[in-house]
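Presented below are the structures under discussion, each in the form of structure tokens.
Consider the two complexes below, in which chain A is the common component and chain B and chain C are the respective partners.
Moving on to the complex of A and B:
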């Protein structure tokens, strides 16, 4: 049980009332005086030169304020590689890419006028498959790749479609394979998928005549939006303010920079009036960034006793038409290529490749759900070949605190997360040794499966956070942090941490719901499961600072040394003589003696944190330390498959993560349920289906996502708490982790149930039926015989 | 895909004759609307751009829902799917229809969507169509010239096409009372728990113990340009042959009648496979203990 009053307790979210009553403000709720609306014209071609654009008919529509094309905005955007047009300038690179925009008094007028823009295209040869795009004679999508502003840690290959490649090398791969008793090689794949967050993206921008720019954005990272907008559009940082209202789900899709620069430029082009850009769901499906697809080739050498001695991996990420953010997905998947395993000889190459499809960005798990699909399916296949229990096989090879080395050659700290414990706990929950119960219908089969996983924040080595804890007259507190609230609940956990240290009830601590660059403290981005850890560390520093200011004042008044004081029950008091105390309200605005003389002043606690001990990875071998913490975990499931239809039902889903400490167990459970359902949805249903570059399912009618009735009946979060010394109260991050292993666990369970090997996602009923037909036709025949009553 | 609806004039008549007058007056420029769950989507996509939308929900007569022994079930054109779902007679006597309703859309959409709308959309995937085909339903059609009854199969003429004239509308759906021992099921092949049909199969069995008078019917959705009933089945099951042979014949009759295609939802091969297994599953569920 927790020894704390707030930390570790399942307190309700601080934003719960606002959200259930509908008073929470999201970007689309905001209306500004004189605000205009915009609609985008989208390319119908996957790869085409823009010869000419005629806008006069659109301009003539009453109520139209401005019509712009790509050539009006010759800026390149991007967080890691500046490869993105504001609007397609010379070429359109995918079906759906915005090529022009209309700004008008109403959305309806903009919508009508945008149809009247005429664009003449010259079609170019297109390429849709990432591996084909890597071939010698493939059409080149970004001819100017070599000229783009690129962070030096990335290695684009100008003259090809390879936006970046990351290489990991450890030990001697040839020697490793020579020592192996068994070598297993497999290919795995996952399609591109949509983030499908509930709130479609919305942006409002006002480019004032005085050069001041204000942006409201459904964005995960207001500070990065400000920084990148400033850099890309050459506007001084100090002239930009970014407001970040609540975000209705981001999952990485609202990280980095999205349509903020476009909206700013549209406002500038429209007489400095504010402009709102909001995407419909269907527009979203063809305009906004998605998760990359992956093709993986994994070759593994093992000894008879189950020790993995060598692993060679090639990941090819299908980034679509832009890779400005996706190059870092490819990189993160590259350095974590082998997952949470201690393997002496490793060689991995992770390519991020352009194709003429929707472009990819960050997505919950940042390449790790994808890579774990490949390696955790591979682990089960190997275990089967060795005749070993998959838990024992994994236990033999997983990283162990204080002993093991990761793929990047970083030694695991003594207080690192304990993966083996997670593995055993999930195994126990699944009653691993026991056969699953028989289904009611004889044409159904059941199977169990699990997968282990790891991830740390994929961030630049100098990523930082800050926080301010500011007291009000009644000793209530304003907590100022930059981290965004997009459903994950970090603001609640941070509030608990303030209440714990400063002994103020949670109700008296307020975190502004409308945050932004001018009203909150700096944080890099709310991504990579870093918020609680890094912003949390900054909050702890701010707490400490505030506490010492309070004690300084109180020590003068009470004539005791600061060390002899403590905070309790909204008071500061002498530890050994608790009846000698001052209320916080008497102190936090400065203390006034009865005679009127005053000391101190308003208490403002300030805290900063910067990741330390991280390294710039070696450019040739990828060796070094990329992460401030790694969270390890294991996920497992039991499924029932209808052999006749291929339909998969998830009966049970268990997750165990060593998160050090659950600051709020309710929020951890929420993350686990959300991650489990999201991962199941991606594992069983989700795929963007293209035909010659045209998306065939740009709506929820045919892009299936899980609904409540698809959620596993039995979902359990198992909390493992081996604290990390430098984590806030020992905590590590959890957000992304909860979906990283579940797809592979389901793949293993389905494969076990049907006695086949599933290697490609999604496991739709049709795909499962096809796999059974190909790999285990006898099973299907038997099921059909049952049906005939034989 | 647009955010806005195209411009149109909205009418909300209080009687059928007032609605018919409007249809007559505006000819092909008008369309009737019940729940709007198909129509408004089509309008946002500009698949349909009617100048006049005639909302039927204000017409009291169209809200009637009755079951009378001998007469059967009468479902007014504005009766929602959820109202039907909760109607006792549907659950007790029209099992296949109840199955279809339970598995259609989602709760929010079912609160608005109507049965008549589902039929008049004439989607090959209309879930209510196969059950109503095996129950021999008829639609009551009104026009300025009067009312007529149309056999359900004659309503469907193609993908999203009906035999209704521009001045006609459906006022009710009539489903005759089935034999007392009737049993029926509707099974739906889906991609996830809430989906339109990849393949839908309605099966009905009555008077099984009397081989010469036996009634076995099958109808399908999503396997042809319109929902289809396979009429040969009735004859097949009146033969004096072993059960297994009858089912084989019925499945081949069904496969002969349908013309499934490959699309974004399913390949043709998988549809053929589903027709096969879902037909067998449905018949087995109905006859499991009795053959």
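Moving on to the complex of A and C:
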């Protein structure tokens, strides 16, 4: 049980009241005086040169304020590689890419006018498969790849469709395979999928005549939006303010830079009036960034006793038409290529490749759900070939605190997360070793499966956070941190940390619901499960600073040394003589003696944190330390599969994560359930289906995501708490982790149930049925006989 | 073609001039500024814009505003009891039934409608009633728990 009053307790979210009463403000809820609306013209071709664009008919429509094309905005956008047009300029690279925009008095007028723009295209050969795009004679999508602004840690290959490649090398791979008793090689794949957050993206921008720019965006990272907008459009940083209202789900899709620069430019082109750009769901599906697909080849060498001695991996990420953010997904999947395993000889190449499809960006898990699908399926296949129990096989090879080395050669800290404990806890919960109960219908079968996983934040080595704890006249507190609120609940956990240390009740601590560069403190981005850890560290520093200022004032008034003072019950008091005290309200604005003489002044605690000990990874081998923490976990499931239809039902879904400390168990559970269902949905239902580059399922009717009755009733979250010394109250991040292992766990369970090997997602009834037909036709025949009553 | 309609929204009589092609979603959000009614797909797939019409949960993007003459509409603001949250709201908060909050108004309204018809629904019945509303954050479990807790 926690020894704390707030930390470790399932207190309600600080934003709950606003959200249940309907008063929480999201970007599209905001209307500005004189605001204009915009509609985008989208390319009907997957790869085409833009020969000529005629806008005069659109301009003539009453109520149209401006019509712009890509050539009006010759800027390149991107967080890691500047490969993205504001609007397509020379070429359109996917079906749906915006090529022109209309700004008008109303959305309806813009919609009408946008259809009057005439674009003459010259069709080019397109490529839709990432591995084909790597072939020598493939059509080149970005001819200017060599000219793009690129962070030096990425290695684009100009003249090809390879946006970047990351190489990981450790030990001697040939020697490793020579030592192996068994070598197993498999290919695995996952399609591109949509974030499918409930709030479609929305942007409002006002480019003032004085050059000042104000942006409202459903954005995860207001500070990076400001920085990248400034850099891409050559506007001084100090002239840009970015507001981030509540974000209606992000999952990585609202990280980095999206359509903010376009909206700013549209406002400038429209007489400096504010412009709103919002996307309908169908537009969103064809315009906005998605999660990359992956094709993986995994070759593993093992000894008879189950020790993995060598692993060679090739990951090919299908980034679609732009890889501005996806190159880092490929990179992160490259350095964590082997997952949470201690393998002496490793060689991995992770390619991020352009195709003429929707472009990929960050997605909860950042390449790790994808890579764990491959390696955790591979582990079960190997265990089966060795005749070993999958838990025993994993336990033999997983990373162990203080002993093991990761794939990048980083020694695991003594206080690292304990993966073996997570593995054991999930195994116990699933009653591993015990056969599942027999299903009611004889044409159904049951199986169990689990997967281990790891991830740390994929961040630049100098990633930083800051926080301010500012007291008000009544000793209430304004907590200022940069983290966006997109549902994850970090603001609540950070508030708990302030209440805990400064002994002020939660309800007297306010975090402004309108986030942004002008109203909060700097943080890099709200991504990578970094917020609680890194902003948390900054908050702890700010707490300490505020406490010390309070004690400094009180020690003069109470005539005791600062060390003898403590904070309690909204007071500062002498520890040994608690009746000698001052209320915080007497102190926090400065103390006034009865005669009027005053000391101190308003208490403002400030705190900063910067990641320490991280390295720029070796460009040839990928060796070094990329993460401030690694969260480890294990996810497991029991499934029931209808052999006749291929339908999968999840009976149990259990997860254990070593998060160091659950600052708020209610929020941790929420993350685990949410991640579990999201991953299940992606594993069982989701894929973006294209025909010659045209997306066939741009609606929730045909792009199915899990509904309430698809969620497993028996979902359990197990918190393992081995604290990390430098984490806030020992905590590690959790947000993304909750979905990384579940797809592979389900794949293992379905494979186990049907005695086949599923290698490709999604496990739709059709795909599962086909796999049974090919790999275990006897099972299907038997099921058919049962149905006939034979 | 505009038409004047009279309706009750959250216990208040309103007279509104609406165009024949204006949906209830557009009327509530754009004309009357009920921003708690959230758009998600504009075509009936996601359920986020759900409101109560004469007590029944209806996706407001699928209804033409002119059909609302003489009807009663409740948005999430109308679930408050003299400005205070009710047991249902409290239950959502305590059980952690909301994350980003974008789908929360729809789930609260649908729950209210369900519990009025069926004060003690089974878990299965809850799922059936809520299947028309999507949520990408919560995994639904805590929403089910909240509705069941409010029905006890």
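Note that the second predicted complex is superposed on the first by the 790 of 790 C-alpha atoms of A that agree within 3 Å, B and C clash if a C-alpha of one lies under 4 Å from a C-alpha of the other, contacts with A are read in each partner's own complex, and residues count from 1 in each chain.
Keep in mind that, in the parts below, a contact is a pair of C-beta atoms (placed from the backbone, for glycine too) under 8 Å apart; a residue touches a chain by one contact, two chains touch by 3 or more.
Please read all numbers here as calculations on a predicted model, not as lab measurements.
Student: Please indicate which partner A:200 is in contact with in the superposed arrangement: first for chain B, second for chain C, both, or neither.
Tutor: second
Student: Check whether A:701 is in contact with chain B, with chain C, with both or with neither, and answer first, second, both or neither.
Tutor: Touch partners of A:701: chain B and chain C.
Student: Looking at the overlay, does A:709 come into contact with chain B only (first), chain C only (second), both, or neither?
Tutor: both
Student: Please work out whether A:486 is in contact with chain B alone, chain C alone, both, or neither, and reply first, second, both or neither.
Tutor: Only chain C; A:486 stays clear of chain B.
Student: A:645 contacts which: chain B (first), chain C (second), both, neither?
Tutor: first
Student: So in the superposed three-chain picture, is A:26 touching just chain B, just chain C, both, or none of them (first/second/both/neither)?
Tutor: second
Student: Please indicate which partner A:4 is in contact with in the superposed arrangement: first for chain B, second for chain C, both, or neither.
Tutor: neither
Student: Which holds for A:280: it touches chain B only (first), chain C only (second), both, or neither?
Tutor: Touch partners of A:280: chain B and chain C.
Student: Which partner reaches more residues of chain A, chain B or chain C?
Tutor: Higher number of touched chain A residues: C.
Student: Is A:689 touching anything from chain B or chain C once the two structures are fitted on A? First, second, both or neither.
Tutor: In the superposition, A:689 contacts chain B only.
Student: In the superposed arrangement, what residues of chain A touch both chain B and chain C?
Tutor: 280, 699, 701, 705-707, 709
Student: Mind pulling up the chain A residues that touch chain B in the complex?
Tutor: Contact set of chain A toward chain B: 107-108, 111, 280, 282-283, 644-645, 647, 684-685, 689, 696-699, 701-702, 704-707, 709-710, 764-766, 769-770, 784, 787-789.
Student: Considering the complex alone, what residue numbers of chain B touch chain A?
Tutor: Spelled out, the residues of chain B in touch with chain A are 1-4, 106, 189-196, 243-244, 247, 264-267, 270, 273-274, 277-278, 280-281, 284, 291.
Student: Spell out the residues on chain A that touch chain C in their complex, using ranges where they run on.
Tutor: 10, 12-13, 15-26, 28-29, 195-200, 246-251, 280-281, 486-489, 666-667, 669-670, 672-678, 699-701, 705-709, 711, 713, 715
Student: For a test of understanding, state which residues of chain C touch chain A in their complex under the given definition.
Tutor: Residues 35-36, 38-43, 45-46, 48, 75-77, 80, 85, 89, 92-94, 96, 98-105, 108, 123-124, 126-128, 130-131, 133-144.
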